[in-house]
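Two complexes come next, and they have one chain in common, chain A, joined by chain B in the first and chain C in the second.
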Partner chain A sequence: MSLRSELEEVLKELKATGDIEASAIVSRDGLLIAADISSNVNAEAFAAMSATMLGAAETAMSELGKGLPDRVVVESSDGKIVATGAGDRALLVVMTSPKANLGLILLQLGKASKKVEELLG
Partner chain B sequence: MKAVTGIPVLDEVVEEFPESKTLTYWIDPEVEGNAFAMQTIYTNLERGFKCAYVTVTISPESVISEFEEFGWEVKEFENFEIVDLYSSYVGFPSKCKYNANPINLEEVEVLMKKVLEKFDIVFLPASSIIDVCGEEALRCIKDWCSLAKSIGKRVVLSFVAWPYSKEVKDGIIEISNALVKVGGIHHRVILGYYYGLVKADWKNVKSRAILFKLVRPGGVRAYIPKILVTGPYNAGKSSFVHAISNRAVSVDRLGTTVALDHGHLEYKGFSIDLFGTPGQERFDPILRMLGKEALGVILVVDSTKPETFPRAKQMLESVTHFGLPYVVAANKQDLPNALPPEEIKRRMVLPNDVPVIPISAVKGEGVYKVIDALLDLLIWREGEDELEI
Partner chain C sequence: MFDALVSEDLRDFSEEELDKLFVVHEEGIKQFLGRIPLGCIYATFLSGLYVEMEKIVGRAARGLIINASKNRGKIAGNAIRRRYEKKYGEMSVERAKMVARNMLVIWGKCFGWGKMSFKVNDTEFWLEVEDSLEATGFLKLKEKPKGPVCWMLLGYSWGLLEGLFNRKFEGEEVECKAVGGEKCRFVFRTI
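Coming up: the complex of A and B.
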């Protein structure tokens, strides 16, 4: 299996959890590596802004003298976005339905990000 | 309690407004500067000082409502009094306890003596008095300031700097123990306002300038101007922000900026925040976001890469609408194949008067010239490089 299809496999497994509407693996500098996103979404912009969001949050935390944040969660009545680091070079980001159970999603996301980190290692 | 100027930042610098001192607000005619003296008076009313506000060109009622527009209910202060030199000038009976006809300078002098004896702080609209009474009123203003000095009172002058004679201007400067200049920042249109302490003889301070907005209600509010640093990928924007700032952070990942650079700079009396943008196109939404409310733009280009100039211009266009001033930093001049500034200006087809400054961000060479060039466009008049009257 190619690296790319292995990464896509991780995203597919995530989706199987239910409540995840879209997901992407993004390089830390904002380039799309792999995505499971419907074609009417601008995946490249989504990827870039996810990297911005996580990068800015990490810098904000470290400016306060705290360690790295585990994730960034964005909530709206139409759904949530959760971005989390996946090693030094990548991050993992998902979009959920509005009623998604965040605890469950975070658990799955944690596992998936480890896998991504290993694959890209 | 000490008397103060009531103006943000200024009070941190001068610490107090001591007795026997004259504080002058020297106001460019294009700027709405009345609020400064009013803020000084109101702040000291609240501190319990007896304050008198002299009016010659507007009615006492208008004075009250100008105060009220800023949320300053002066009517409720028993220690506040308007000295009305307006009503009898325009032929109305005055409702104020202290009033005189400014045409009769002797009458005014008698009145002012009484006022200075009675009140702790007296406001004089110096330029309006001169407009009404002629330049010989300068002598009276000088006398009142001297009297205040000898009996431990304070005078606040506002002087709208129309082209009066040198004698008048020098006279005002001479009697001012502290001088605060209030001016406009313009580039085709007025972009903002600043005030700066030119001198304060009870403190050994360097001139410094603060940008402000007038808020109603609220009064004079200081703010830190934002300068945007943009340009193509890898041009050296982050390097520039770090080279010039007293402190800076960048959100860089894998060697490129993904969110922004932020730097803070204290320079020639100004406090400036620098925001660097990412260079790569996929972050252009951030560029537009950071561009909002910037006061000026620094466009950084890699002088060795003319193929990136079209992108540079496109980035400039997306942030310089409304005639925002900009300067170009021709970076990487330390490299042998760097194009000279004139050549860059020609290739980018920039207007002749746009400053293109050769710099090396990594070596820190020329970087302050970029800020100077921008300040030249924004604030300094010809030949100035610090606050002067």
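Coming up: the complex of A and C.
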């Protein structure tokens, strides 16, 4: 199984937990590695924006002397976006339905990000 | 102007010849293709801009610049292909390769982005740049990059190819003068 297939498998398992509408594995510099996103979303722009959100949050937190953020959560009435680090080279980002259980999503996201980190070495 | 872009192989044209063909000087303003104003920036300003962006959003600055440049390159490629097809009919693969080379020759010789050379086969497009504007800028800064830095050229060329060929490519800068390479080398592969 190729690395990309293994990463796509991680995203599939994540989606199976329910309430996850889209997900992506993105390099820390904002380039798309793997995605499970509908074709009407620009996956490359989604990747760049996710890395930018997390990067900007890291700068803001470290400027304030509060360490590095574990994740960035964006909530709106139509859904949530959660971006979290997956090792030094990548990050994992999901888009959920508005009624998603954030606690459960974060738990699954933590497990998935560890897998991504292992796969990317 | 457009006819020369899509019908002549411009690789051996001098800077002066290209300037005469594509750049109109009017009331102190230079215009590419007779309608797009041109200006100059110094290389260290461009690379300094990247350094400042990295201070704000970290490594994501690279993806932002590449992505944005790719989108604009794709718009340019699509526009050229559509204009060509309206006038001459379907653009062949060979024609698309030539137009892509021509656009990058113009970027190199008229816009000062470095001396460019090309190798093309059925599935890969290789671009080599001597004295890339972006890499040269970084070499003159005290901040040292950790990886290849020709983000705008990578993104623009990548998008240009996708627009001209009307298909997806994978693109990468595999060697960069700013991090010790002999020159800057890019590869674009069809997916």
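Here is the rule we go by: the second predicted complex is superposed on the first by the 121 of 121 C-alpha atoms of A that agree within 3 Å, B and C clash if a C-alpha of one lies under 4 Å from a C-alpha of the other, contacts with A are read in each partner's own complex, and residues count from 1 in each chain.
One rule holds for everything that comes next: a contact is a pair of C-beta atoms (placed from the backbone, for glycine too) under 8 Å apart; a residue touches a chain by one contact, two chains touch by 3 or more.
Since we're looking at a predicted model, the values are computed, not measured.
J.: Between chain B and chain C, positioned on chain A by superposition, is the outcome a clash or a fit?
T.: Aligned through their shared chain, the two binders clash on chain A.
J.: Applying the document's definition of touch, where does A:107 land relative to chain B and chain C: first, second, both, or neither?
T.: A:107 contacts neither chain B nor chain C.
J.: Determine, under the contact definition given at the top, whether A:48 touches first (chain B), second (chain C), both, or neither.
T.: both
J.: Go through the superposed model and pick first if A:29 touches only chain B, second if only chain C, both, or neither.
T.: In the superposed model, A:29 contacts both chain B and chain C.
J.: Is A:59 in contact with chain B, with chain C, with both, or with neither (first, second, both, neither)?
T.: It touches chain B and chain C both.
J.: In the superposed model, identify the part of chain B that clashes with chain C, out of 56-64, 110-118, 218-226 or 254-262.
T.: 254-262
J.: Can you list the residues of chain A that meet both chain B and chain C?
T.: Of chain A, residues 27-31, 44-45, 47-48, 51-52, 55-56, 58-59 contact chain B in one complex and chain C in the other.
J.: Within the complex, which stretch of chain B touches chain A?
T.: For chain B paired with chain A, touching residues are 249-256, 258-260, 278, 280, 282-283, 285-286.
J.: Once bound in the complex, which stretches of chain C touch chain A?
T.: It is residues 55-64, 66-68, 70-71 of chain C that touch chain A.
J.: Considering the complex alone, what residue numbers of chain A touch chain C?
T.: Against chain C, chain A makes touches at 26-31, 44-45, 47-48, 51-52, 54-56, 58-59.
J.: Using the touch definition up top, name the residues of chain A that touch chain B in the complex.
T.: 27-31, 44-45, 47-49, 51-52, 55-56, 58-59, 63, 89
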